[in-house]
Amino acid sequence: MATYKIELIVKPKAGVRDPQGEAVDGAVKGLEVKGVKVHQVGRYLSMDVDARSTDEAKRIVDDLCKRLLVNPNLETYTARVEGA
Amino acid sequence: MATYKIELIVKPKAGVRDPQGEAVDGAVKGLEVKGVKVHQVGRYLSMDVDARSTDEAKRIVDDLCKRLLVNPNLETYTARVEGA
Amino acid sequence: MNPRPKAAVIVFPGSNGDRDIAESFERAGFAPVYVDSRETAPADTKVVGVPGGFSYGDYWRAGMLARYAPAMRALPEFVAKGGLVIGVCNGFQILVEAGLLPGALTYNNPPGFKHKWVTVEARETKQKSPWLTRVPRGMKLRWPMAHGEGNYYHPDGWDAIADNVPFVYDRNMNGSIGNTAAMLDSTGRVFGVMPHPDRATDPHIGSNDGALIFESAHDAVAQGLA
Amino acid sequence: MKPDLHNAGINMGLKPHELDHIEKQLGREPSLPELAVFAGMWSEHCSYKSSRSRLAMMPREAPYLLAGPGSHAGAVDVGEGWAVAFKIESHNHPSAVEPYQGAATGVGGILRDVIAQGARPCLVMDSLCFGPPHDAKSRHIAQGVVAGIAGYGNAIGLPNVGGKTVYDTRYEGNPLVNAMAAGLVRHDGMRTARAQGVGNAVVYAGASTGRDGILGAAFASVELGEDTTEKRSHVQVGDPFTGKKLMEACLSFGPELGLVACQDMGACGLTCAASEMAALGGVGIDLDLDAVPLREDGMEPFEVLVSESQERFLFVVEAAKAAEAVKHFEHYGVHAAVVGKVVAGGQFRALSQGSVVVDLPAALVADGAPKLNWPEAAALPPVAEYAEFSPPKDLGKPLLRMLSEPGIADLTNLYDHYDHTVGNRTVRGPGEADAAVMKLPGSARGFALTITGRGELCAVDPYRGALAALGEATRNLACVGAPIMAITDGINHGPPSDPVENRRLTETIRGLADGLKALGIPVTGGNVSLYNATAEGAIPPSPMVGAIGVVDDVSRVPRGELAADLALILCGTPLATPMTSAYGRIASGQLAGSNVSVDLAADKRLANLLVDAIRRGMVSFAKDAGAGGLLTALAKGCVRGRMGATISWTFEGRLDWHFFGETSGVAWVGVAPRFADAFLAMAKTCGVAAMRLGSSGGNRLSIKTGESSVLDISVDALRKAFTANERGAA
């Protein structure tokens, strides 16, 4: 068993309306900052996962995303696994 | 001028209580998933920044964080810059 | 008779308590005027209200953006010249974000938006505040709270703010240190409050306890103190 | 019609006879985008094709009705020059798929109906039916739905002032989410959807258009390209921030700025708004799809036409003022564009890249769906009686059980997600009285609203169940001193293609129609949601009734919580015989019982009495008996007021049915002892049986019948039972 550090990023699925992203982009434009385009706003989550291998850690995270952390109707996610 | 892709993560500062992280951790425990410990919940943002160099892109992002996106009383941030 | 003193209510996109605070000013004897956040309050304004709501949608972080609005940028000078400012709920968040009040407001603990009629108790503060002259220390008042990010935090802890906290909840509602429900600046003229005195100025609707706040400010203006 | 085209139409949900009808009416084959237009507009949701003729049974006229069915939201005169516009809308299927966004967009949608009427929204209410809270999936749906209603309503700044929540296995997998909104408008400030004035501009305002809510399955055909349905259709996402900016922009955009007509873009989006406005005005509309603000690349014309992106309005604006109108909306921070014009004739046309892609008679699109006459069963299947069970010796145990039953138990944890007080009009919010009471601006006058629905009763007898819902609405309003004046209804039913379900639909509507006639009040509009079923079967018929009445003086409104030292009077005559009820279900363990007790005449007499006594300022406490019966009602009053009561009385028949049955026309009233005799005399005049049975005080609820004590329990124990089921409330 080892402990893996996971960083999870959950963001709006392509094409799905992202009111937060739009609002933050509008906010940046409102500050008269040029050359910046905000695309998406999402959530970040860090966790420790006990597992026997990177693969198993990934599986645990995938399962958790499916069951709890990610809404597949609206969101996609990427998980970065850092070694033990 | 080139366009840099930036991924920004804003999370609770060490020592600041993170009720959202605690709630998610509680929900994970509620699923009877063992060996997972959720540490922090934060926010994620992706943007494009026009700049002459990676350094300039970073400066623009730092400035934006200071002025708008990060509350230094509560939060820290990391920005990943992907090349043009 | 003197004309009613002007109370400016700043309206941001997404503000939704602007009418509530304007009505409360009006009942206390002020003439409320709405000021678009892109403009500045009229020159003869004595009192400014920063209303509750979800300015800019409260996206990313509540109150984050409002401080850059022209109406807000004018506030430090207005206060320095003796003007009075109240921020309720989202208005409190905005005043904190703008640096007019210390500390920070973050996610409720437990998390989530919550509405509740709450009891707050008045405390002694270092600075006498024109917002509180009608509220004796120890008085208990009933106001509704309605927020998701009302958890007051200060990096230096309770001791750093204890002298400036005019109201505490009778029990912890949202995780705030010391049950902090409101905050004064060092002049006492800037008053931020998380529950809603502006929704407690009509005896028909639950409580009239909020009227004291607006009446105190009216006294101050009438006596030429603001 | 070419087989390809025919298949495309069928895939979009059109029926063969409808395709034939389209071809015959047009005298030609429709184009693919035209088929999409028909598929959207002739869907059950937009066309009411299965229910329209039956809905006409309901009375829809009254002198105080300022806008009736067919308008955006019906409106009634509440005095002092004010009208209240109000309406119910369902978002059942979207909420089943995506609870948060489904419910949030349901709130956004019903608000836009009120805004389109010209009214400033001032409240939201919601009627929810979920599967039981012990079921994890149902709990997930319930939590998402409540969070979605809260997320939208709180942010846009509207108080949620009450509702109804039901938990029943029969809603597992098919929750019902009905939202009601109400708004205030001056009599002369009402708006129309009637497009007029050839040459006038059609102006789009609000969020940009994406591929939201396009029925993926309907368009998954090769002809439409290689894209997967996944890519083509997204869940509708609500944005209360845009909704708020749009609301303010719309409400400040009046005739003086060139407004001629307006309509929100809800189901079937741009197509519905444009074709209905044209049909109402007897004119044509040309839309330039290239001018529509888009969020996504590569959208096809039909996608732009039927997209259900949220937070959008369509306006007809005087030609000369169109540019100014666009500026007006931009000032409020919302996109706006001139997207078309009013033309002579009656065609609804859409142009894309210079070519006409849709050219259809607006009336055919908007109102031309052939009625669907589904076969109807001759009778409903019989319902079994409850099996015999012996009465409890003591009322304590069953009372605690009733108080903790989900749906009867405390809902504070649910409705405290909602802001109840923003807007400074809420005289009585959730948990404070049987109906919500709101104040008019600058006045002691107000109005009351309630929303209710009893699927449990309708499952047994839809006709009497519908009457019972009207009865409960009448009593709830009466308990705050408001005579019932009009309703909006949300009809939630199983598929009419099933003859039994279709018969139930007829019975429900007949019940509502007869009940409204008996009460002498109209329906102002409503919503029909059919096809609510899962593999396990159809939901019980679940008509929701949203009712309104005027309160003359809000300072006299009693509370639903008991205060000290009141004389307690029972009004009405409870029956002590078995009847369909929450108690029957719990005690017998059966979803049965064939006897739905209802007596609208008794409810009306009771209401007359309560309204009169409340207007005179005599009543401190009033609570009608609904689900759980009269003892549960009194116990709730005790818990909410943290106050005991002592009751003693003798009666005939079974103790348990007496106290837990759900007889019509029954309510508790608490008056200061000095008013008791006068109240009893008034009751006599009104033809209501009334008995003074005891008084409030202490911290126990005690009941004696004859010499024997049948209940003696601390209010604390009642409260524990009432608030125990924290999980029940989302």
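The letters A, B, C and D name the chains in turn, as written, and every chain counts its residues from 1.
The definition used in the following text is that a residue touches a chain if its C-beta (ideal position, glycine included) is under 8 Å from a C-beta of that chain, and two chains touch if they have at least 3 such contacts.
Since the structure is predicted, the reported quantities are computational estimates derived from the model, not experimental observations.
Applying the touch definition from the top, give me the chains sitting in contact with each of subunit A and subunit D.
A chain counts here if it touches both subunit A and subunit D, which gives C.
Pick the pair with more C-beta contacts: A-C or B-C?
B-C
Subunit C to subunit D: how many Å between their CA centres?
36
Could you state the distance in Å from the CA-based centre of subunit B to that of subunit C?
Subunit B and subunit C have C-alpha centres separated by 30 Å.
Using Cα averages as centroids, what's the distance between subunit B and subunit D in whole Å?
Centre-to-centre distance between subunit B and subunit D: 41 Å.
Using the touch definition from the top, which residues of subunit D touch two or more other chains?
239, 241, 333
Could you list which residues of subunit B touch at least two other chains?
Expected reply: 43, 45, 68-69.
Going through subunit C residue by residue, note those that touch at least 2 other chains and give them in order.
56-57, 59-60, 64-65
Kindly provide every pair of chains that touch.
In this structure, the chains touch in these pairs: A-B, A-C, A-D, B-C, C-D.
Show which residues of subunit D lie in contact with subunit C when the two form their complex.
Within the complex, subunit D contacts subunit C at residues 150-151, 154-157, 239-241, 244-245, 332-333, 416-427, 439, 444, 554-555.
Quick check on the complex: what are the subunit A residues that touch subunit D?
Touch list, subunit A to subunit D: 13, 15-19, 22-23, 26, 71, 73-74.
Looking at the complex, which residues from subunit A come into contact with subunit B?
1, 7, 9-11, 21, 24, 27-28, 31, 33-51, 60, 63-64, 67-69
Quick one: in the complex, what on subunit D touches subunit A?
97-98, 100-101, 207, 210-212, 231, 234-235, 237-239, 241-242, 295-296, 309-310, 333
List the residues on subunit C that touch subunit A in their complex, please.
Result: residues 56-57, 59-60, 64-65, 68 of subunit C touch subunit A.
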